[in-house]
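Next come two complexes, and both contain chain A; in the first it sits with chain B, in the second with chain C.
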Partner chain A sequence: MFEIGVDRVEGATVLQPRGRLTMASAGAFRDAVTTALHAGDQLVVIDLAGLAFIDSSGLGALAGAQRIAHAGDVPLRVCGASDQVRLAMELTNLDDLLQPFVTVDAALDAR
Partner chain B sequence: MTIVSADERRQRVVDILGLPERGSLPVLDRIARIARRMFDVPSSAVTVFDADRVFIPGGSGDLPESIPREHTFCQHVLDTSGPVTTSDATCDPRFRDLPAVRADPAIRFYLGYPLTEPGGTVIGAFCVFDTRTREFDAAQVAEFSDLAAWAQRELLAEAESGRARAAQTALLPDRPLRIGDWSVTGRCAAALNVGGDYFDYGADGHVLHAGLADVMGKGTAAALLGSSVHGALRGAIQSVTEGMDLGRYLQRAETQLADELDRSGAFVTVFQLSADTRTHRLRYADAGFGLALLLRATGERERLTGDDPPLGLRRRERREHQVELLPGDRLVCVSDGVLDLVENPVRWPEAVESLVRPSTDAEAIDTILGLATERPPLDDVTVIIVQRHP
Partner chain C sequence: MPAEQPVVRQVFDAPATPESIELVLDAAQQWWDDLGGDVDIHVRHAFTTALAEVTGNIVAHGRRTAGGSRRFDLRLQAHRDRLVAEFTDHDESAEVDVEHATMPPPESEDGRGLALARAVLDRVEHRYDGANHWLLEHRRLPIPAAPGGGE
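Up next, the complex of A and B:
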């Protein structure tokens, strides 16, 4: 079960994926992030607080999103990771790439 | 060991199948179309239970994408594990309060067959609906159950054919290796879908090597990438036993795979080691794998990791690390499928240590893979143990 909420805050798009980010949902996630990155905002924030679970495909999608963001020169920040999501990022050394923030506000304020 | 509820087991199986949550599978649409025509009903659907919803990976007629589970006729196949039917739902206490029955026109007739995975868990239903009251005769019921069996086969087919393809490409080592007072033991429990764990070990003279890799991303693209990863890692292994720096070894594999990794947008995590069984020095490199532990005979536990990211993410220099193994020390490396089997994934080092320390290498691997038969794994589960015997 997976869905993505989209919110706009002060010129930034905040994506809120909810449920399980796995191989079944990674495609939908990638599409939503790509759309957001091309929408012309100054910043895209992915709030992971609603994610119950992430697997390696989901992590791959997150890392891929960061790569697309780098290429397009739009900052992308992630925040709100649960213990399981944070563990998955740490084990794969993706925390170094993704530099997760604790809250949405922290991610927005870091501008 | 955790007791798994029927709902949890069902959810895991549904996750493993990796069905699209939007849109439908053409072959299931076709079966539903046939049912609609054969039985002259306005709609037919294949439904799958997913948490508190039921989604519809195939159907014909006017159907929503998904429905809350408590609003469905199909929830009742879970109770009976057999076919469920009503000739007039408006006066059947099981169904009369459902929104579709209170609607105008009301659904009156329902026939649903459970769809089960090979382990016997009901994951969904194949069903027909009508706004008229209906009664199927025995021949129609038999025809309908044939269609249900077909739908079940197709629902499971994609996952199974993926698995078969992966099995063909995987040439995994199948017995423990012993050199001097060192040994390597490893095994993989394959998930129903294409998990794509790769592991290998072997020796050249007195130097042994072992490695574990995981493609981050699943499905056909990952399965195809898996065999290239296998080729790139195994192809250069002789240079490793001859002394090639493991950081360079990973960089070389990354260069070789660069085009394919770029094209598929996938990443690969790798843990690779090589040990000289005379000097007892063990070299290793980690590209985002992060799941290796050194269990010292003295009772200490160390995590063997680096800070290098998965292959395909960012090209950069990769580092080799070294450690000396003393008699009785063991190195355990598990794939991320194991995280899904332990009670608290954040405390996986403690969990793995408590399973491995009191047992022999072979017993420990049996126990860890045994967890995977208790809970259907979402991902391949692989364990490698390297030991310098006392």
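Up next, the complex of A and C:
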């Protein structure tokens, strides 16, 4: 079961997708990220620690999120990737694009 | 010595819908549990990733052809030295060129599924003979020994 938690920390929105981010859930994830990026916060962080699995649709949604963030001049940071998520990001070079942090605190502190 | 019996798990007649990716991933998890943790975690991640990508390809192709009415079978076999997955569906040819699937730029929002499957597997093949057949294969690597073992 896929779900997305939302937290607000120090003027930043922290999204917490949980479960598996696949073709079935990528649309809901994309919608949640778009909403967060248009909410007027100084920073959006996607905490991937609760993601058990990601496929290429999920990776595409992350790439799309980065595009929207860049277009809106809103910093977007990802963090907390598990082993499988990190593997998928490295093989597709999304780690170069997204420059993931290890923890939420590190992502928040970097601004 | 008796012939090796592979550990088999099968998913029968699943609909080619995005929700079936969950079905396949659940079957893979049950399969890893059946094997009692005797598959290196990195191999498990790689193979599971490829299963999702091929399922996604079957689903995407189904959307383009039969209006989403396609169905597929999946058979997972764990041999002593390798892991094997076979997908079969009885629809039009998927017409995929697995051998030449390349990874798009990281900013791309689609088109990386087959390239990702190729990247994580030792072997991935597609053929059509009136049915689409996908073969996925990965060496079953030994579990690394725990550091500092023994007195």
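Everything below uses one rule, namely that the second predicted complex is superposed on the first by the 111 of 111 C-alpha atoms of A that agree within 3 Å, B and C clash if a C-alpha of one lies under 4 Å from a C-alpha of the other, contacts with A are read in each partner's own complex, and residues count from 1 in each chain.
FYI, a contact is a pair of C-beta atoms (placed from the backbone, for glycine too) under 8 Å apart; a residue touches a chain by one contact, two chains touch by 3 or more.
From a predicted model like this one, the values you see are computed outputs, not experimental measurements.
Chemist: Kindly classify A:Ala28 by the partners it touches after superposition: chain B alone (first), chain C alone (second), both, or neither?
Modeler: first
Chemist: Identify the partner contact of A:Thr103: answer first if only chain B is touched, second if only chain C is, both if each is, neither if none is.
Modeler: A:Thr103 sits against neither chain B nor chain C.
Chemist: Considering only the touch criterion stated at the top, classify A:Leu91 as touching first (chain B), second (chain C), both, or neither.
Modeler: A:Leu91 sits against chain B and chain C alike.
Chemist: Does chain B (first) or chain C (second) touch A:Gly64, or do both, or does neither?
Modeler: both
Chemist: Could you pull out which residues of chain A sit against chain B in one structure and against chain C in the other?
Modeler: 20, 22-24, 55-57, 59-60, 63-64, 67, 83-84, 87-88, 91-94, 96-97
Chemist: In their complex, what parts of chain B are in touch with chain A?
Modeler: Going through chain B, the ones touching chain A are 15, 18-22, 50-51, 53, 193, 214-219, 222, 265-267, 269, 288-291, 305-310, 313-314, 336, 339, 345-346, 348, 378-379.
Chemist: Given the complex with chain B, which residues does chain A contribute to the contact?
Modeler: Per the stated touch rule, the residues are 1-2, 19-20, 22-26, 28, 30, 55-57, 59-60, 63-64, 67, 83-84, 87-88, 90-94, 96-97.
Chemist: Going by the contact rule set out above, which residues of chain A touch chain C in the complex?
Modeler: Answer in residue numbers: 20, 22-24, 53, 55-57, 59-61, 63-64, 66-67, 83-84, 87-88, 91-94, 96-97.
Chemist: Chain A touches which residues of chain C in the complex?
Modeler: Per the touch definition, chain C meets chain A at residues 18-19, 21-22, 25, 41-42, 45-46, 48-49, 52-53, 56, 59-60, 103, 105-110, 112-113, 115-116, 119-120.
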